[in-house]
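Here the chain labels run A, B, C and D in written order, and each chain numbers its own residues starting at 1.
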Amino acid sequence: MEIKYPLVLINFKAYSQASGKKGLELAKVAEKISKDTGITIAVAPQVTDLALIASRVEIPVFSQHADAVDPGSHTGHITLEAIKDAGATGTMLNHSERRIRADQVDFLVKKARKIGLVTVVCTNTPEVTAAMAALGPNMVAIEPPELIGTGIPVSKAKPEVVLGSVELVKKVNPDVKVLCGAGITTGDDVAAALKLGTVGVLLASGVVKAKNWEEAILNLVKPLLK
Amino acid sequence: MEIKYPLVLINFKAYSQASGKKGLELAKVAEKISKDTGITIAVAPQVTDLALIASRVEIPVFSQHADAVDPGSHTGHITLEAIKDAGATGTMLNHSERRIRADQVDFLVKKARKIGLVTVVCTNTPEVTAAMAALGPNMVAIEPPELIGTGIPVSKAKPEVVLGSVELVKKVNPDVKVLCGAGITTGDDVAAALKLGTVGVLLASGVVKAKNWEEAILNLVKPLLK
Amino acid sequence: MEIKYPLVLINFKAYSQASGKKGLELAKVAEKISKDTGITIAVAPQVTDLALIASRVEIPVFSQHADAVDPGSHTGHITLEAIKDAGATGTMLNHSERRIRADQVDFLVKKARKIGLVTVVCTNTPEVTAAMAALGPNMVAIEPPELIGTGIPVSKAKPEVVLGSVELVKKVNPDVKVLCGAGITTGDDVAAALKLGTVGVLLASGVVKAKNWEEAILNLVKPLLK
Amino acid sequence: MEIKYPLVLINFKAYSQASGKKGLELAKVAEKISKDTGITIAVAPQVTDLALIASRVEIPVFSQHADAVDPGSHTGHITLEAIKDAGATGTMLNHSERRIRADQVDFLVKKARKIGLVTVVCTNTPEVTAAMAALGPNMVAIEPPELIGTGIPVSKAKPEVVLGSVELVKKVNPDVKVLCGAGITTGDDVAAALKLGTVGVLLASGVVKAKNWEEAILNLVKPLLK
């Protein structure tokens, strides 16, 4: 499944609000709004639900993490091949809650490209964003960890971090697209993110913990509609 | 789903032979033989396939691993709650390819008991088996790592390791059941394991890599039939 | 160097107050009081200072951690052999701030016994204490992490955790001695610890951050003097 | 202590041949040759020996590793501050046997610069070299892991990896100097490394396991003498 930008990527994390049946339900809401509005809304459900959800929705589904191993004798590891076999479109890598090493990102990004999976590598500072861009993923997602889950949007609270990241990525590897995340909750936050040169947002609690998922997602994509 | 002993637990690891659709297929074969013979055959598919496979078969399904965190802001982690929501019966913990720390096993075993998941903690020596038994899981599975994947069955090559484990577990925590694994391929290996005081076997490549899954599993369960 | 009980083990952690020259100074103060009082006071300095301090004091010196590898091609790892070559008496293992896996504790305890190093394995719950005792270290040190650094002594705030640990260790492996730690600051805390069946205490901030090290340590050992 | 280039950095790893007294002895040999020839020879002893060796030689001494934490309650961690207090000149980071994450390299490089420690970040591919250069350490050291310890010098066996790294670093961050390592044993290997645009070499077994340390090091520095 090809990704069209702008992109709104909803990370379900390990939230109980979006686990099992509720995870499928949230993915269905995202799919409906994506179809209604034409905006690409992707979901990253709990890994345990990956194949099930990927088989039930027609929006891009991402793994939240992948391990840097080839298929084989690796109990409890999540291979890119398993993610592909599960029907997913791509994978997040190096989220602040699940960091991996640069050589592992390198291994995973190269293999994902080969087997046709999209990669989104999370970062925390402009320098780390530049470093990860040097590895050539499809996207990097700058997320200052101190803002994650706060509702204080990076695009408004720390525009210089986003701008600095966009700038450095242009220099190091202009093919890499930039998302931003942390604290994103409203359509305004998304609009601010796009103005800073990103192609979309990565968010989690702002949607997952919302009382009304449909309302929360609609609010987010509003500024993306013409 | 309650576990009836003896138990044959098939670990799909990260083998490409048992990923995605092929994983479901293998689970279906296991289910068929379990129904035909009355022997409990459980499967531990790739984590990405967990909910999908658990929703399609009526044999116990295990996760290959769980992370020692509560539901919440833990991207890329596998919680016990997500395993439960996926419809699984239990989880393996501390496999030699995915070891965790003793305090994490303690956390996970206590919580699994509370939420109704069955735990199988893997170990490598009689002393570590005793240590893990002290934490009170449902089962421990002694697997000398040097025999894993070799086809040389622990139950025949190192009976003293299995016997020593069974002995120590009886002393430390007699409620804990003992499985053994590593190199198990034939019904003879299973029979030898049961004679040593275990309640079953944990195996992987012996089935997953077999050309004919049905034949391989039937061969394994033969000595368990009266 | 043989350990005589009771034992007061002072962990310098990564505190700047006890790093480099100041680390040596604190070790010297501990040595002086140990000689004056006859009470065994051991120190666990920063690993970078290990050989230097061990060459300058005549009290037991412990490493704060060891890695479960043999000497060889393991850049940045701390082997038991290097700890021994540095002149240390033993090593702490599995501190709550540097947990390792049970199979690693097993490997390290067995090898330490062989090469003549004393092991102190830290734990957090009675169950984990029992588990670690099953591996046969010289000592276990029960330290509820939530009390570490608080000044609220485990021996008074959670006597049941210490008692429960002492009880279980007696059952699982009566040769293993029990220390307790977390929040220990005064001689009263130490006295309470001994009454619960421990052979001594493990402490850190209560001494390291004290304005007057000599006073702080003297205060601790007072109840141990006849 | 300022680093003058070219630089020969000898990593003692966890080799028993260079632990404790023998580590000090090897450092003394390196110091002697450095004084005799004027070539900068730096040593990275076992971390347990760091302060002792740094207090006894007048050549640059490096830690083999540092942990990404501030001084404080971090038992068993190696802080940059402790490395500095031990009298060392700098630290290696991210060796293939002790990889850390990119955000940790970022944290450590920034802090090392502030407190006056020199950083050498190891890498495995040209892409990872570029990524690490984006973080601004003093040096990167490209070492294809498959050649480490083989005696097959990267500078001759994989010149394209070294050249590719030098090229990318120039583009991403021309202030960063490039070392190369893996398989370096003779003066010829060092000469080849310098021709490829590096400022020196990182090596280990080629010296540490040599029967005659003096001979081995002299052989290495020969092509650097006019």
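By definition in this document, a contact is a pair of C-beta atoms (placed from the backbone, for glycine too) under 8 Å apart; a residue touches a chain by one contact, two chains touch by 3 or more.
Values in this document were obtained by computation on a predicted structure and should not be read as measured data.
Peer 1: Count the smallest number of chain-to-chain hops linking subunit A with subunit C, moving only between touching chains.
Peer 2: Shortest path length, in steps: 2.
Peer 1: If you take the mean of the Cα atoms for each chain, which one ends up farthest from subunit C?
Peer 2: A
Peer 1: So what's the Cα centroid distance for subunit A and subunit B, whole Å?
Peer 2: 33
Peer 1: Measure off the straight-line distance from the CA centroid of subunit B to the CA centroid of subunit D, and report it in whole Å.
Peer 2: The answer is 44 Å.
Peer 1: As a quick test, compute the distance in whole Å between the mean CA positions of subunit B and subunit C.
Peer 2: Here the centre of subunit C sits 37 Å away from the centre of subunit B.
Peer 1: What are the residues of subunit B that contact at least two other chains?
Peer 2: Counting only residues that touch two or more other chains, subunit B contributes 96.
Peer 1: If we use the touch criterion from the header, which chain pairs count as touching?
Peer 2: A-B, A-D, B-C, C-D
Peer 1: State the interface residues of subunit A toward subunit D in the complex, per the touch definition above.
Peer 2: So the residues of subunit A in touch with subunit D come to 94, 96, 99-103, 105-106, 123-125, 127-128, 130-136, 168, 172.
Peer 1: Residues of subunit D touching subunit C in their complex?
Peer 2: 11, 13-16, 19-23, 44, 46-53, 55, 63-65, 69, 71-79, 81-88, 92, 95-98, 148-149, 204-205
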